[in-house]
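Order of writing sets the chain letters: A, B, C and D. Residues in each chain are counted from 1.
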Amino acid sequence: MIVSMQEKATEEQIDAVIDAMMEAGVGVHRTTGASQTILAGVGPTASLDLGIFEALPGVLNVHRISAPYKLAGRAFRPEGTVVEFANGAKIGGNQVAIIAGPCAIENREQIFTIARRVKAAGAGFLRGGAFKPRSSPYAFQGLGIPGLQLMHEAAQENGLLTVTEVMEISQIEPMLPYTDVFQVGARNMQNFNLLRELGKIRKPVLLKRGIAATIEELLLSSEYILSGGNYDVILCERGIRTYETATRNTMDIAAIPVVHKLSHLPIVGDPSHGTGRRDMVAPMAKAAVAAGADAILVEIHPNADKAASDAAQTLYLDQFDKLIVELRVIAGAVGRTL
Amino acid sequence: MIVSMQEKATEEQIDAVIDAMMEAGVGVHRTTGASQTILAGVGPTASLDLGIFEALPGVLNVHRISAPYKLAGRAFRPEGTVVEFANGAKIGGNQVAIIAGPCAIENREQIFTIARRVKAAGAGFLRGGAFKPRSSPYAFQGLGIPGLQLMHEAAQENGLLTVTEVMEISQIEPMLPYTDVFQVGARNMQNFNLLRELGKIRKPVLLKRGIAATIEELLLSSEYILSGGNYDVILCERGIRTYETATRNTMDIAAIPVVHKLSHLPIVGDPSHGTGRRDMVAPMAKAAVAAGADAILVEIHPNADKAASDAAQTLYLDQFDKLIVELRVIAGAVGRTL
Amino acid sequence: MIVSMQEKATEEQIDAVIDAMMEAGVGVHRTTGASQTILAGVGPTASLDLGIFEALPGVLNVHRISAPYKLAGRAFRPEGTVVEFANGAKIGGNQVAIIAGPCAIENREQIFTIARRVKAAGAGFLRGGAFKPRSSPYAFQGLGIPGLQLMHEAAQENGLLTVTEVMEISQIEPMLPYTDVFQVGARNMQNFNLLRELGKIRKPVLLKRGIAATIEELLLSSEYILSGGNYDVILCERGIRTYETATRNTMDIAAIPVVHKLSHLPIVGDPSHGTGRRDMVAPMAKAAVAAGADAILVEIHPNADKAASDAAQTLYLDQFDKLIVELRVIAGAVGRTL
Amino acid sequence: MIVSMQEKATEEQIDAVIDAMMEAGVGVHRTTGASQTILAGVGPTASLDLGIFEALPGVLNVHRISAPYKLAGRAFRPEGTVVEFANGAKIGGNQVAIIAGPCAIENREQIFTIARRVKAAGAGFLRGGAFKPRSSPYAFQGLGIPGLQLMHEAAQENGLLTVTEVMEISQIEPMLPYTDVFQVGARNMQNFNLLRELGKIRKPVLLKRGIAATIEELLLSSEYILSGGNYDVILCERGIRTYETATRNTMDIAAIPVVHKLSHLPIVGDPSHGTGRRDMVAPMAKAAVAAGADAILVEIHPNADKAASDAAQTLYLDQFDKLIVELRVIAGAVGRTL
């Protein structure tokens, strides 16, 4: 950490800051310039709230030098994390994975129809929501565990793995038998109690970036899971909130190479939520793969216009088939398979 | 709702949209212009996902006309909601309420010292966190229920009411005996399961705006609580995330009069989180009262620089005393008391 | 346009709004619902300031239905605009164009070295700034017209076309002999006087999106040029300002397919400004081509670390060579050439 | 400046960075930690593009310590700037100034009617636009110099000073005889050539914050004017662009106390553009004064609904009278007059 003192800071103030830093277990190197004094703190600063120092008299500002996360940092595992599943599927390796399914599981016929098409397209992961958090209390809220059982059955029949969102600590236990990847939604990215519990299980977690979260905050959230001993964390870029309204969110494609630089964790691109528009899903899926995404997560439905939720951003099954063919070519163009 | 068709939409497409609207229980009025057809939908559209219509062939865009919330709307209670407490205190009336206390309850001495000063300043509400959600898993996480008991005792001794954050459904029950106002933090504004449970209790809820939430989304979230029969909801503006970094968040003071126009619910200004900077708390508290805030929520600590969390934005007790005096004058200038 | 009246609007208020609409030359269709009246306006609304109606008593809100731009709209030229140059080069057709060069023209050796490499890589356009708008008044401000002459000479020698930024109306005339494409920078996207003048010349204009401009505003700005009779407008996505700081700007890749849907104008991706980081230029250039960009604009320099401006986002010449090879493969994967 | 090296940076890389810093005229102090080396640069760094250092191999990140502006900094004139006019009026002192008038000057009757009311209300400054930059090329564009002459005449008759927007260098000269304060609009905040020219004149400049500008960028822009020798710069907060759409812009009230802390320049609040809604002008004007604004700029019109531009945010004259009375009370509450 670096503490820059104000130009008119007194020796007394400087000494008080040095004391506070040492009290926090940080070694201090002082640089006295013509007009300004700078204090460099060396030591275990990752867990410190730098605001404490910013508020001391005579301090101009405080900068963190080292990243506030450790286990999520690239240096922890320079070769990169590959999440491996019992059936041999992987997320994070050379092959770009495909995760597809409806926003919400609606009934047996719907999820079985989709599962067969997901399999036929060569994808390995079936996704579907059993608990639907909706902005309006008057909208469809999901089938719950029975829905999840249906999806699990459909996945089993087709040799697929299931990905589904967990919203509460109390849901983890009943979801476990039917869930291969626990998805944490954007709204729960900073639900630290939930993250901590997911750090204790031994199933992969797909952690979505919050709608207003920085990449650093996303990595800090992953640290909650990693620090519990669960190293199978997969990150997901799904669009952030900006002033632009042409798309529902602004998909921050650059987050993909930025995460690859800062962290060893794989990252998925979600063009369905990233844009909120069916006609933008294909170009943004291609962009994500071209930028290095380790997987693509996409919402599909046999009768997309009548989907119980997220209809506007859901692909028809034929559109999905076509997209997979196109993505395979893009993956090849960046030296990967799909 | 208004559906605008594309200029080249066919009669077949228009008919399909009309059918879909009627199927959803909406009456349709058609306007055929020289170049464009417009379909006005009249009826119970508040619970509809308009995305369904946006995705239909030939549709240009869909606008919601009526607000998607009902119970939170100003029309539901034009005279405005006043939340009343057993001891006669109120939030929402002519008197501007003051809610003050530390970010985190740390120990008996700290919270009793603060409680006495809060009382002495003439404020009615003591706030303090027992469960602290922190971005970093390596930081202080709060004292839990024992901390809450301490705060409740300190409040009782001084005739104050307690305000504290609930983060999980499972916490509601044990918190009930010690809590006068349940605060929902910004990160939980869209934790709909939690909101729904809070709709079933009979204690007021202080609902903070999410860091990237629109005012409409804040009102929709309040609807989850209201629709459970709990009408004592207090909203709170605590800063939103923008590109500006001079302050931790950008406090959207205009949200105060906007909420007053759209809704009957009282709204609190939180300049501590709104700015993240101790030296900005006083001017922004004054601005909030001048703009019509029904209460001010402010973080204070006898040893602010050493506060266990949020040190940078916490006022010293003397600064708090001074602020109250200044706010009393501003309240008078807008025709209110404090 | 659609005017939605408040639920409690009086007949008098509704009549006043109808009068105001008709006075503005708009035909009115009225829909009277159970609780609300809606007025649909049909006619020449593109030039109307809808704020006028929003402010009338009894009005809830006003929505624009038709796009406020005309000449820039896809319907005006459904087949898409291809900007053609005298030497046969094109922007907007099947071939993805490459525009490369230094941020600032520094001296003869620099620009000639770069021009040769641009040519060797197979690119068609040489860019370089002669007038540099800098946030700080104490930084390098560019060589002016003499610099432009150098670039023009270097371009001529290598069969390249020049792209350079115009910042003032008074610069157009002296720049004309040396400029093949006039670039309008992000800061001037709404300098309407400049745009209007550029509508009168007969050279293509590359219009960059403002750092906080919506896509609709970008298209409205292009309308100023188009309405002067200059139809050779090329749009450019170069990143927008958001709360994320990992990259200098957030490159809105979705703007590329959105522009292709809304407009007939070609659109260029600028990953140098889009990210502000050299190590992010290649992945984001690939993402832009995968999403359908008609050209890529990239900053390069033989001694990138010592570039007089934008050093942090400038590629070395070897990095540029490598990028071109990679982009050629991506272009092929989306059915285009490069 | 502080350069933080990556953990794995080599001695060679560190030496190269030290060389680059010294070459740039900066003295270097080195701190070698257990895992990381930090280089503190002391000297004339305000004019340096720090991106140059960020791009060097082995560098993790670079922070600026001292503010990149000098003349605008609070330290330059700790007592604060008071802009004084020939007629005794001031902006920046104890008295809060009022600047009012129509968005656009429309005709003699309009501007004279307004001038009389501005005077009667006790305000000192008459504003009005002669050149109107409009997003759409099909909207009213202003009366030009003849309009300005009308406003000047109306101001003279009433002992008022004129405030009007300059959009082009070429307009400065003809505007001079009729203009007491040159306003630079949000879109021109970074039109550095214009700012430089305004630095050469000897009339005050009211510089509006750009719609996506940080406070630091606003101060840097003011530096262009100050460094030309024109010290009479008045800053203006007029709303920034965020994701919230309930108001046209989000008025960043905190910018007022932040500017007062960082700079000696006075700052004006503009609630008309800050909100874009007539019904929000009064509460936000009060908030701005409560937060310490040195003046309020407000759009008024005798027939606000029919104003040629900005109708939706323009106050009727009676609303203006009422607002002035209310603001006088708020000013008193914060120890100022009006």
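Following the convention adopted for this analysis, contacts are C-beta pairs under 8 Å (C-beta built on N, C-alpha and C of every residue); 3 or more make two chains touch, one makes a residue touch a chain.
Please read these numbers as outputs of a predicted model, since none were measured by experiment.
By the document's definition of touch, common neighbours of chain B and chain C comprise A, D. When chain centres are set by their Cα atoms, the one at the greatest distance from chain B is C. With each centre defined as the average position of its C-alpha atoms, the distance from chain A to chain C rounds to 31 Å.
Look at where the CA atoms of chain A average out and do the same for chain D: the two points lie 39 Å apart. Computed centre separation for the pair chain C/chain D is 27 angstrom, with centres defined by C-alpha atoms. Taken residue by residue, chain B touches two or more other chains at 212, 241-243, 245, whereas all remaining positions touch fewer.
Within the complex formed with chain D, the residues of chain C that make contact are 20, 46-47, 49, 51-52, 54-56, 68-69, 133-139, 167-170, 187-188, 190-193, 196, 210-212, 217, 220-221, 223-224, 227, 241, 276, 278, 304-307, 309-314. Those residues of chain D whose C-beta lies close enough to touch chain B in the complex are 212, 214-216, 240, 242-247, 250-258, 261-262, 274-275, 279-280, 283-284, 286-292, 326, 329-330, 332-334.
On the chain B side of its complex with chain C, the touching residues are 2, 4, 7-8, 27, 29, 31, 33-36, 38, 40, 42-43, 60-61, 63, 65-66, 75, 241-243, 245.
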